[in-house]
Each structure stands twice: as C-alpha cells, then as structure tokens.
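By written order: A, B, C and D. Residues from 1 in each chain.
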Amino acid sequence: MVENVEELIKAHEGLKREVYLDIENSSPVPQEVIEAMLPYFTTRGYGNPALTHKPGWEAYEAIMKSAQKIARYIGAENPEEITFTPGETEANNLALLGTALTWKNMGKKICISEIEPVSVLHIAQLLQEKFGYKTVKIPVDKEGLINLEKLKEVVDKETVLVSIAAVNPEIGTIQPIKEAAEIVKTQNPNTVFHTDFSDGYGKIKINLSGTKIDLATLSSYKILGPRGMGALYIREKTKIEKILEGQIATQKFWPGIENTPLIVGFAKASELAFENFEEKVAHLRRLRDKLIEGLLSQIQDTLLNGPHGENRAPDNVNISFLHCEGEALTIELSLKGVYVSSGSACTRRLLQPSHILVAIGRRFEEAHGSILMKVTRLHTDEDIEYVLEVFPEAVQRIRKIVGSTVSV
Amino acid sequence: MSRMPLPYNPKVLELFRNPKNLGKMEDATVWAVAGNPMCGDMITFYLKINKEEIIEKASFESYGCAANIATSSILTEMIKNKKLELAWKITWKQVTDEIGGLPSIKFHCGILAVGALRRAIRKYFKEKGDKPSWLPQDLTFEEKQALEEEELAKRLAKRIGGQE
Amino acid sequence: MVENVEELIKAHEGLKREVYLDIENSSPVPQEVIEAMLPYFTTRGYGNPALTHKPGWEAYEAIMKSAQKIARYIGAENPEEITFTPGETEANNLALLGTALTWKNMGKKICISEIEPVSVLHIAQLLQEKFGYKTVKIPVDKEGLINLEKLKEVVDKETVLVSIAAVNPEIGTIQPIKEAAEIVKTQNPNTVFHTDFSDGYGKIKINLSGTKIDLATLSSYKILGPRGMGALYIREKTKIEKILEGQIATQKFWPGIENTPLIVGFAKASELAFENFEEKVAHLRRLRDKLIEGLLSQIQDTLLNGPHGENRAPDNVNISFLHCEGEALTIELSLKGVYVSSGSACTRRLLQPSHILVAIGRRFEEAHGSILMKVTRLHTDEDIEYVLEVFPEAVQRIRKIVGSTVSV
Amino acid sequence: MSRMPLPYNPKVLELFRNPKNLGKMEDATVWAVAGNPMCGDMITFYLKINKEEIIEKASFESYGCAANIATSSILTEMIKNKKLELAWKITWKQVTDEIGGLPSIKFHCGILAVGALRRAIRKYFKEKGDKPSWLPQDLTFEEKQALEEEELAKRLAKRIGGQE
C-alpha cells in the first residue's frame, strides 16, 4: 500500500500552484509558529513544568504565559480556567464524559444539537447506549440555526448537560450561543453548558466570562497551530472529573506531563490570529465570498450549504455540486493542486453522508456532492482565483463520468 | 485492522484519469443500473450484443468514487468481444485483481460493477424471452449485494427522515 | 507567579555546563529528530491521512512507514498492531480501561505489580474503587523483581488483566517479562497481558511476536522523541475497546486525526536509538556505572535503589542520599546546571514518597532523599564528570542545613 | 485550581541559597522539633532566651524543601530580639507574607516553622515551671497542624507496611 501511495503522490508532480483548503481536518503550520516552538523542543523548557529545576521552571513559565494569552483571547477570568488537552476530540470527551461522571446521580438527560461534530455526537450516543442517558437532539433550520424554542422545552430538572457548537465546523452556522446558554440556565441553573468553540476561536470574538457558558473546547490546528493540542475552558466553579488517570503535572483535569512546545505553538498561533483581528477577519470574509460567488456563478446546479452573510463563519465555504460524487471530485481537484474534503459517504468510509448536511434538509445525493473548504489569513486572492480557474473543469469532468446515471 | 488501507494503486488512478469506454451508448442493445445515488455509488452499464451473443461494445457511466469508476471501466474492457456466458462468469474478485487490488473498504465497488453487468445480461435474455442453461435462476452473490446496498440506502434514508 | 519564575531562571545565569538527566519526566529533542519532523509541519503530509488528496496521501505514507519501522523494532507481526496515542499515559489508559470495558462480564480481578507507574496504578485503583474490580498487587523483592510464584498463585479464572512494566521507570529493574506472560497464560489463557514497555523500548531488545504479551506501551520522549506521542502495541487478535469517542481517521482505537509530524519524530527517534544498538547500549551502561560508582564512592551514606548490573536498565541511576531532602537537593543541583528529579514527597506534591521506593523496602527518609537520573546516548564522559564534580558539594550543603534534625 | 502554582519567589531562593541563622546552637536555652522525617518535612528551632524573656538568638536546622528552609530562616530573623510574648503571636500567615508569599501547596512549611517555634516557647515555660497568662492552654492552629502532620505520617507508614 505504501508503494501505491508513492505513485499517487508522484501523479501530482509539476503542479503550478497548490492551495490547501482542508483546514477542517488538518493544517500546515506557518513558519512563525514553528520558530516559536523550536526552542522548546531543543534548548528551553523541555522539562516537566511541575519540577524544581531550570528546564522545568522554563516550561512552567511558557505554559503560564500561553494560558494567560489564550485566557485573554476568550475573556476567561484567569488562566487556571484553561486545561490543555491533546486535541479537540479529547477536550470534547473531557467535557461530556467528565460532566456525566460528576453528576451521574443528578439526572440522566443530555441535550445536543442535531449538527454537533462527531466527537460530541458519538459521546452523547455512547452515554445513551451504554450508560442509561437519554440524549435529546435539538433540531436546526435549513441554515443550521438551532431552535431555541425547542431547547427551552427540552431542558428540564433531569438535564445534566447541553452541548452546542458555537460555530458549526461543516456548514459554518454561527449559533446564538449566549442566548442558548441563558435559556438553558433559566430552565435549570445546574445544567452544565458546553460549547465546542473550535470553529469560533480566532474567527469570532467571545467574552466567556460575560456568558453562561461553563465549558468551551478550543483546537490549535484550526487556527494554524500545531496538531496534538487543544484546550478545554472550565469556568472556575464548574465541577468536572478527569476521565483518564495518571501522573499529574501542573494541570488537574488531564493527566500526563504538559507538551510545552505545542502549547507555545498554540499560543503563538492564537496571537497571530488575534493581532489585527478585524482586518484578518475581513480578509477571510472577502476570500470566502469571492470563492462562494465564483463557484455558484460559474458552475450550474450548485447549492450553498449553511447560511449566507453574517450568520456564517468568516472562513467557511461548503457547496454541493449536484450530479457529482464528492470523493471523486476531491481526487480530481487534488490532481490540480486544490486540496479539499467532501461530506460524501465515500470520504467518510460509511454509507451515510454527513449527518450535518442531512439535518439541514439536504437530500443524500446533494450531501454526497458537497465540498468543504476553509480559507485562512495566509490565502491570497491569487489562490482563490486559481481554485476558481480549475474547479469548473474538475466538476465538468466528474459530471461527464456520471453522465445520465443519477437522473436515470 | 486498525489502519484504513485507503490509497488506490496506480492503475485505479490511471483509469480514473482516463477512463476507457465511458459514456452513454445510444445504440445499446441493453443497459442496466446498480447502486443508488443515496449511498453515493451507482453504475450504469451499456452493452451492444450481436447475434452470436458476443459483446461487441460495452460502456459505462458511474456516480461514485475513483474505485467505482476504475472498476467499471476495467470491466467494460474485460468483457469486450466476449461471449455473454464468459462475461457472466467474471467475478468481482477477478475485476479487483485485474485492477491491481483495492483497499478492502472499496471491495463493494467491484461487486457493484459485476452486479450491474449481470443485471444487464439477465435483462437481455428476459427481453429476448429466453434463458440459457448457464444462467442461474437465483441471484448471484454480486447481484444480491447490489440489491442489499440499494435497500440499505433506502432504509437509512427513511430512518433519517422522510427522504425519498 | 510568572515573575517569580523569571527570577528563578535568571539565578541560573553563567552556568559553565548543563547536564539534563531528568529523562523520566521529559526530554529535549535532538536536531536530527527535529529535521525529520519539520517538513511534516510545513510542506508535506500536513493533511488528514484518511483523505483523498496529496497532503493526506503524504501523511498516510509517513504514518505507515513510521508504524512499520516501530513494529520492526519490537518484533510486531505487522504495523497494524501499532496504535499511536498522545502519550504513555493515554496508552496505559487505553490498555487497562479498554480491556476492562471489553471483558466487563468475564471477571473482576486485575493484577499489577506493587511498583507500576502511576498511570497504571491509578487506573487499577479507579477500577477497584468505582467499578467493582479487585486489584491485586504482586509484591517485589528488594531489587524490585516481581515474585513469579505469587503471580502464579494470584492469576485465576476471574483475572481479566495483568499489567507489569517490563522495565521499572524509577529503579530500572528489568523484569522476567516473558516468563511472567507465560505464567499468566498458563494459569488463564484468556487473561490479557499488558506491559508498560516505555522504559524498555530502545534500551532492551524484545521480540513481541515471540512472547505471550498482548499489549505493550511505548513512549516517544523517553527515547528522545517529541512529547505528545506514544503507542500501544495491540496484538492482532487481542480484543480491546476504544475509551474515547470521536472522528476516526486511519486508526481504530484512538479517535482524532493522527499527528503526522510527531509520529515521524517518534519513528526517527526510534531509528536513532536502534541504529548500532549494541554500541549505544554499551555507552549507556558505561556512563550509568561511572555515575553510580562515582556517587557511591565519593558520597557517604548513600544507597543504590534497584538492582546492580545486568538486571538494571542500561540508563537508570537512582540513589538515596541519607539526611538529605530530595527536593532541596534538586534545586541545589539545578543552580549548578544539573537537572534531576527526586522521589521525595515534596516533588510529588503528596505526603507520601514514591510508592516504588517504599515497595522495595526503603524507609520514608531514604525515599525522600532519592534522586533519579537517566543517561542518554548524547551524554558524554565530560557530562558525567561534571555531575560527579558538583554533586558532593550539593549534598554536603543540604546536609549542613539538615544538621542534626533527622537524627534527633 | 488546575495549575499547581509551584515557583518560589526570589526571596525564598535567596534564603535557600544563603540561609540566615542556620545550625545547631550549643548554648541554646531551649530547642524543639516539629514535623517528621517520614513526611520529608522537619524543623528544629534553637532559642537563646535571656532573663527579660527576650530571644537573644535563634537558629534552625531543616530537613525539608526550599520553602521549609526559607520560612524557618526568616522566622529566626523575625523573632530576634523580640519578647517571647510577641514571638508567640507571629502567625504562619505573617511568615508567609514576610517571605513574599508561597505556593499554596507549600503553606504547611510556614505552619510547621511556627509550630516548632511555639513548641520551643511552651517547653521553655514548662521547664521553668511557669505559665504566663498570654500563653493559651489549648494548642493553637499551627501546633495542631504540626501534630496532625506528624500523626498522618505515622499512620501512612503503618498502612504502607511495617515502617517504624
């Protein structure tokens, strides 16, 4: 199989431009972030931050400063509220399983939206299937906005946890998350409110201490930081239990010794995202709209998935190309140097396409032909123009292969 | 297996890029479909069959991934100028081997391609009102699998809610 | 607090040499490993290895080649048996909790040694305290060798799991792990045998497929690879359930998308450890013995913790300095550029000193004065000589502060 | 708190490196110990007290971490030339403040230092056979804590197995 993949990579030789837009799944790390991390791999702070020697103290300093920075960017009261985890997945697991463990005798109802990322969805399902919880899914409208009325109805005395992503990772819907948290706490002040904020961090501003949000997940690579790093904001008085056991260094809720270089990289990536924030976000919005409008106007039989305009994450582009299978299209685009992902069942290794697209009412065929892209501050107008140049012919070629099949 | 063996081999990529025998055949003797757009996997096979029951031309259209496209394409090559009886006997395993192997999660692509071909052959004899002795009464493995995938897609769609 | 730490770091200015020996807790990463990782952060394989585009295929290739390499070094049958995790802690949690989840209706007895690392010990305790398991601890002798007779007695029909570290991380005892696994399987062929092999990997050879070991933990930083990476060897037919939920990329037992640069770094560090293996291990042994003998001969009232000679890990040095509190000594040594850790209660933020030292019969006072050091292939004779030069006066100064206190 | 606030401040480090009033005092009027080597925390206080009940000299020895050493040392400075009554009134909080603050997990070091001092003062009056009115009958917070730590260590040692 390794030989096969070498051939696949070779098939990409001689590309005149490469544009990576699959930030949803992974991302390259810019040079400035690398340079911030490097000393912590080799010459500084490579010790255990809980120990009394110089490399440990250097690690402690770096971790504290990083936590302070990140706390500031999300309006947390203090850096102790930041728990670093190996990623978004682990932070979501800690939020949901840790809360369920803490309140296991208080109630057995959990409430999520229909369009949560799989790490939230699958934990909620696990709690229902194996631990006697009732998991209620709040429906969303055609743009992915959660139904606040329904949320109000559902949250009751039995509800230990509500988890709703502030910004949907796939279709970019920005939820009224503050209101959602207010509603939940009005219904039951003891319900813990969690949000996966991975797609909001660095893209929309939030001041968590001014909200009723108790737990919020952050992810490093989604803002061009290194993989292997995420965080869970845990509001000071929120009770939670750790879900794994082991050596405790400076943190209480995730065992093991902190990964100083990656924490420093995450903080540096945050700094780069929040410096001249408005300007950067305006750049994202402009490229996003250029890409959306270019694709919708040049290619027929397309559907934008998720909201238009202000309710949409500034970086998110998700379009369904009808009569066009998504995985085939990602390969065709890859051979032209454009790297994207698809909500197709094929890409997901399941018969079902993205549950998120289905939840906003897309037919299966529409979901199979969806392509997800995210622009970053490092993308240029030329990048978008290149994507717009190669996209129509890629879609055309795949549609030619499909021919009359799907309309038969 | 803990690691999803995903990468296609070079032959799949080559046929994905330059598929042979692609497109609707206007003068087809018979055509058949397998799969369902709901599961993102669908193949149409067109056959031109002469009086000696030899496949003179075969072509395909495919709504599916690269493996789907490549297996359909190679199967059209494999059956060209073959007698229907011989074409019928080609198994999904032979198709997969011919293409140089597939990741296990893509086996169903080869199965679907063979399913579509066999449907077309059955349809040909049905329309002719004639059943040769080598043609089994019962559905073969590949045909059953195609049917199952189609039904699974419908059930899933129904469960998820009101999809056609 | 951050200001305080800056002062502490400043107090180290002008050191003439620095020798980092706290490999137990964290480690710097050599330049060759950095160089292997760098392209995967910035230019290659930064995609999701499960996706069909070039950066994904590059990631897949890198991960497969890394897994193949590591599988080869431990004598695993095939690379599918390697599951990458964010660290040793997570691998141990997966091994123990994942096995307990799988066999929860088969038996409720778990068996570990008295001297397991805390990530194993605490999970075993958790299973006992919250999930109705009986955790039996196999005693060890004064050198830390497990009692095989006792193991044979304890393992019965009810025993779902045995976990024994092949090499003890603190006192370096090399266990007869093959025999232990044989005994366990003879008593009950269904019992899952796990070993935390983090302190053996790269230091002693093993051919796992020729043993009865089902699960084995590896750690990257303990062989000078990057932090944030570990692995669990899962023998092909061994059943285990994942313990966290989320997006599945190419692996089945740990959710989330693989961390390609760190996996590549781990593989490169492995390569460097296993190239000219015998030579490197001989170098470790020589430096280890030079350090042990130098300290024992120059400083009075010392005790070597763990075995002498062949039964001791080639890199491990652990010595108790009587009438000398360990944390104070680590600070004194740090101010001289020698970075070590201690089994003292203070360092551990608990009233109790290392359970491992207590288990081999050390009195509390002896444990409090223990110092743990590990040498690496990058240490030189000059490093060891420097340590031997500064150590006696450091111990002397701390003993002067202690004065007659402890003998009162 | 999720983050262990570990780093010592510069004053602690300075006193760790250059402790004041270190060492056994041969001509001490009284001495006392608090803590237990089993928990890795033990302080000996030596006092030279004159007829006016003024502490003329104080010194210490410490088996413990840097915080332990520094708080003991600063306390010997704080009580020098003080009347016993005033020395008695110094609380662990004042010691901790004097040293510029301690990480919370090191608070017990200040408590133990004050505990040792108060024990020495009690012992002085007990040996004299005299109890001034300002000296409370009951153990104070710091003395009780010292006692508790000592007993915890013994219990732990017993539980873990056969240690003295």
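Criterion: contacts are C-beta pairs under 8 Å (C-beta built on N, C-alpha and C of every residue); 3 or more make two chains touch, one makes a residue touch a chain.
It should be emphasised that the depicted structure is a prediction, and the values quoted were computed from it without experimental measurement.
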Residual chain groupings, excluding subunit A and keeping positions: one piece
Centre-of-Cα separation between subunit D and subunit C, whole angstrom: 38
Euclidean distance of C-alpha centroids - subunit A vs subunit D, Å: 53
Separation of subunit B from subunit D, taking each centre as the mean of its C-alpha atoms, in whole Å: 86
Of all residues in subunit D, the ones touching two or more other chains: 4, 7, 65-66
Junction residues of subunit A, two or more chains touched: 1, 5, 8, 50, 52, 57, 60-61, 64, 248, 327, 331, 349
Those chain pairs that satisfy the touch definition: A-B, A-C, A-D, B-C, C-D
In the complex, subunit A residues that touch subunit B: 1, 4-5, 7-8, 11, 323, 325-328, 331, 335, 344-346, 349, 351-353, 355, 358, 363-365, 368, 400-406, 408
Subunit C contact footprint on subunit D (complex, rising order): 4-5, 7-10, 13, 16-17, 19, 22-24, 33, 37-44, 61-66, 68-69, 103, 105, 149, 152-153, 156-157, 160-161, 163-164
Residues of subunit C that touch subunit B when the two form their complex: 49-50, 52, 57, 60-61, 63-64, 67, 79-83, 234, 248-253
Subunit C contact footprint on subunit B (complex, rising order): 1-4, 6-7, 65-66
Footprint of subunit A on subunit C - complex, ascending: 1-2, 5-6, 8-9, 12, 18, 20, 22, 25-31, 34, 38, 41-43, 46-48, 50-61, 64-65, 68, 86-90, 92-93, 97, 117-119, 122-123, 125-126, 226-229, 243-248, 255-257, 259-262, 327, 330-331, 333-334, 337, 339-341, 347, 349
